[in-house]
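The following pair of complexes shares a single chain, subunit A, combined with subunit B in the former and subunit C in the latter.
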Partner chain A sequence: MSKIIKYVFYDIVKNRIVLAYTLFLLLLSIGLFNLGGSPDKALLSLLNLVLLTVPLISIVFATTHFYNSYEFIELLVAQPINRKKIFMSEYLGVACSLSGAFVLGVGVPVLVFGASTTGLYLVLTGVFITFIFVAMAFLASVITRDKAKGIGIALLLWFYFALIYDGIVLFILYSFADYPLEKATLALTALNPIDLGRIIVLLNLDVSALMGYTGALYKSILGSLWGIGLAFGLLLLWIIVPVMGSRRIFSRRDL
Partner chain B sequence: MITIENLRKSYGKLQVLNDVSVTFDAGKVVSVIGPNGAGKTTVSKCILGMVLPDSGDIRINGESVLNKHAYRSQIGYMPQIGKYPENMKIRQVIEMIRDIRKDVKEVDEELIGLYGLKDMYDKRMGSLSGGTKQKVSAALAFMFNPQILILDEPTAGLDPISAEILKSKILKEKKKGKLILITSHIMSEVEEVADEVLCLVDGQVKFHETIKSIKAQANEERLSRAIAKIMNGED
Partner chain C sequence: MKNLTNIPFVISTFVLLLMATSAVGSTLKVCTTCSYTSVKQAIAKAKPGDTILIESGVYQEHGIEINKPLTILGRNNPVIDGNFKGQIFTITSDNVTVEGLTLKNIATSYTRDDAAIRVVERSNVRILNNTILNTFFGIYLQNSDNCVIKGNVVTGQDVTDMNESALGNAIHLWYCDNAVISNNRVKGHRDGIYLEFVKDSEVKNNLSQNNLRYGLHFMFSDRNVYTHNIFRKNGAGVAVMYTRDIRMENNTFEDNWGAAAYGLLLKDISNSVIHNNTFRRNTTGIYMESSNRLDIQRNSFDRNGWAIRLLSSCSDDVFKLNNFTGNSFDVSTNGNSTLNTFSNNYWDKYSGYNLDKDQVGDVPYRPVSLYSMLVERVPPSVMFMRSFMVDMMDNIEKVLPSFIPENLVDEQPMMNKIDYDNDRKLAQVVR
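Showing the complex of A and B:
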């Protein structure tokens, strides 16, 4: 399996997009840290930008990569290799190279300019989000053979999790404002990995004091080590479910 | 060596294979013929596990191969249209496959030499002509000394000299006791290399006989006529 990952890596490194992505993140983080203000402020701005761009780039890049490596996959399935292994190698190859780009582009500046627990959580969240959205991209790619359709599904997923979902949550909160919704919002958060990541980082910044009752509840649950563990556990679940689902579909499909 | 039992496969509403049962023995060259869309490629892809049949079984040396992968080390496959990663060079593709198949000690590089692929090692796969891609496919199929060779229209797209090289390679491997399955439309070629002919029509086995008995049945000297006669005679 490591052999196949090696060739997937080669292919991605030759492709300049990952390099451009690294540079983009690097410029973004260095710029934000040097814009003045406290490192905490910079982390907050960085968090918002990261949670918007990382899922988008991960999901679009991974989907196009999957369709472009169809020939590679076809070449390998005629060899004595388990299909699941081919799939997992593709997944790990893409997810690890994008995470590597993220750690270089965001992790290094954070370490240099604002090393803190919050910074660590930001980097961890970014890595998890990368793995999650690459998994969703692969799910979108195995569902349909049509490249345009696959990318369409991938973009819809991004739209849903990055933009639409928050709208729905706000709508629910607004409509049911008379009821105690603290627990419900907590559950709603778990259903969106981007929100989950945002809250993990936010709660470690002082701004969480501004979030009212819900914020207090979040803080009481997620502020503890146990809660952070739970949140990362949920993120892990967000990786495993789509990966296993798409692996299953891939191994039972005609090529 | 290969036993196929009641194989069925449909793509949506289209029934591609309808109850195909057939046995192939080692040391034979079997030619699979039939009109376009008769299911020839689907049969070979089923044997390779690239297409998963709806029902039925495929056994190689008595063992079912459905949902397995290790058995593919015994199979060399040459696809109808070779698809390769466009950015890789010929050298990288060959080295990659060899790297993956490191367990094989004896590597057969005869076709690489005969086709002069070494001179083209640094060309990108995307820039190769269809015929050159076919040569790479052929070289890869024969490289690891497989017991079974599945060649899907191997000479389509090859120039006459290269086709001749391939044919003599096929006969050479047959003498080593290998089973070779060839799908082809060119009857003269079938007559030249094959021992048996399997004819598929609309996803069903029309006949599976030796070339001799086909000619005897139809009372014709030429195989193409004999087959045409059998097909028309029954309609």
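Showing the complex of A and C:
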């Protein structure tokens, strides 16, 4: 299994796209840290960037990669190797190379210019988001054999989590404004990894003072080590569920 | 010239002059080796109008009552240590001056509200250049008119995680008219300066910081003026409640940052003037509730969470020639209030154009964003701050306004940041 991971990993690293992705992130983060006055401000801008581009690039890249290496996967399936192992190696190879690019591109500048717990949370969130969206990409890819359809589903997933979901929740909050909604908001944000990641980082920045009572409630839950553990546990669940689901589909499917 | 030859007149003048020197009084010295070794002894022996000069040293004293018009003067920083046993000075006479002392260690007392210096129903008391450390209340004036509190340093303790009721106020005035509070530096108390039923007074050049509740607190105190003060890192910089005719000018409100922090909290106040102040890095710059007929001009709002939170109970307030830069929300309101006027302000979020080059934008600016309205109506939605959906909604609403209050609008937003130093030039442009 580690051999396949290594092969996939090197195959992707040799690919220019990941290199370009790393450089893009590196340039943006260094630029933001040198542009804004305080590291806190740069972290805030970086957070927006991470939450918009990282899921998009992860999901699109992973989907296209899966379809492009279909022949290789078929070749592997012909060998006496467990299908689950093949799938997991593919997944880990893609996710690790993308998160490696993220750690190099964002993690290193954060460490150099704004090393803090918040920075650590930002990098951790980014890594988790990468893993989550690669998992979703794989889910989209195993559902359908058609490449165009697969990429369509992947983009739709990104669109849903990055934009539509927040719109729906805001609409729900607005419609039920007469009820106490703090706990409901907490539950609803936990159902979207992008929101969860955003809130973990925001609560550790100055901006959290603007969040009033709801922010205080979030802080009382997410402020402790236990709460942060819980939040990252939820993110982990966001990785495990799609990975397990798609692995199951992949191992049963007629290729 | 003829008058000089009038000998009885000359003699009587000299006699009067001699009497005048005796009226100024003698000086009683207090020091460890003097005839008086404690302030109390000296006060007991002093006659009205005398000066008690305290030399440097540490005096363990408390419960000193000043019951005649005296001047208590410290030289070379004498320290009076109350040892947590009670008040240090209780002033029960008019025309007392307390100057140049260091007073410290007053215990927290919920029943007596002990203070380092308390003035009880007297007038013309002057408290100057004292240092007051580690006390419950610092300077406490009750029913005392025409008093001067100037140049004092009142330092409490680190107030983080303390309970409001466990702390006293640094400077506390209750039913005192015509007071002058200036050049004081107060920190680490519940309220830095507390005024209740205080009329026609002046608060200027003070620095009030790190207080648990308010930097300056007004209750039922009309016709006061406060200028050139700095309020930093308080629960709220200044709270003005149930008053009218206040002038607030040239003050700086900064870093009043926290979940329930405000730069300036206005509640039931009317006919007042807020000019030339700077609001920097406050959670809320100005919070206004039931505040009417306020004139808010030439203030600078920089990097606040909310620059202005204007509740719909406010009316006839005028916002003019203010600078709004780097605030998360410029103005937020909870209703459709159209009773206030915004004009000629500079908004850094303004994206209009100016074809006729008159420094005034041709397109009106609506300072209330859709999201700020949503947050005001549904507080939990604040958790979606910085979400792309929110940015998108705000931008769409900016192009096609349909939800935001139509009449809360600056019809003549300025194109450039207003420079207050040469405001005369600007006034020409605006007219």
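Worth a mention:
Everything that follows uses one rule, which is that the second predicted complex is superposed on the first by the 255 of 255 C-alpha atoms of A that agree within 3 Å, B and C clash if a C-alpha of one lies under 4 Å from a C-alpha of the other, contacts with A are read in each partner's own complex, and residues count from 1 in each chain.
The criterion applied here is as follows: a residue touches a chain if its C-beta (ideal position, glycine included) is under 8 Å from a C-beta of that chain, and two chains touch if they have at least 3 such contacts.
These figures come from a predicted structure and were not determined experimentally.
Ranking subunit B and subunit C by residues of subunit A touched puts C first.
In the superposition on chain A, A:185 makes contact with subunit C only, while subunit B stays out of contact range. Legend: residue contacts after superposition of the two complexes on their common chain; A:19 is shown touching neither subunit B nor subunit C.
Of the two partner chains, subunit B is the only one that A:77 touches; subunit C does not reach it. Look at A:202: by the touch rule set out above, it reaches subunit C but stays clear of subunit B.
In the superposition on chain A, contact of A:52 is made with subunit C only, not with subunit B.
By the touch criterion defined above, A:244 lies against neither subunit B nor subunit C after alignment on the C-alpha atoms of chain A. Counting contacts as defined above, no subunit A residue meets subunit B in one complex and subunit C in the other.
Residues 3-4, 7, 11, 14, 69-72, 74-83, 252-255 of subunit A touch subunit B in their complex. Chain contact summary for the complex, subunit A toward subunit C: residues 44, 47-48, 51-52, 162-164, 166-167, 169-170, 173-174, 177, 181-182, 184-185, 189, 195, 198-199, 202, 206-207, 209-216, 218.
Note for the complex: subunit C touches subunit A at residues 257-259, 261, 283, 305-306, 328, 374, 377-390, 392-393.
Against subunit A, in their complex, subunit B makes its touches with residues 11, 45, 48-52, 69-73, 75, 77, 79, 83-87, 93, 96-97, 99-101.
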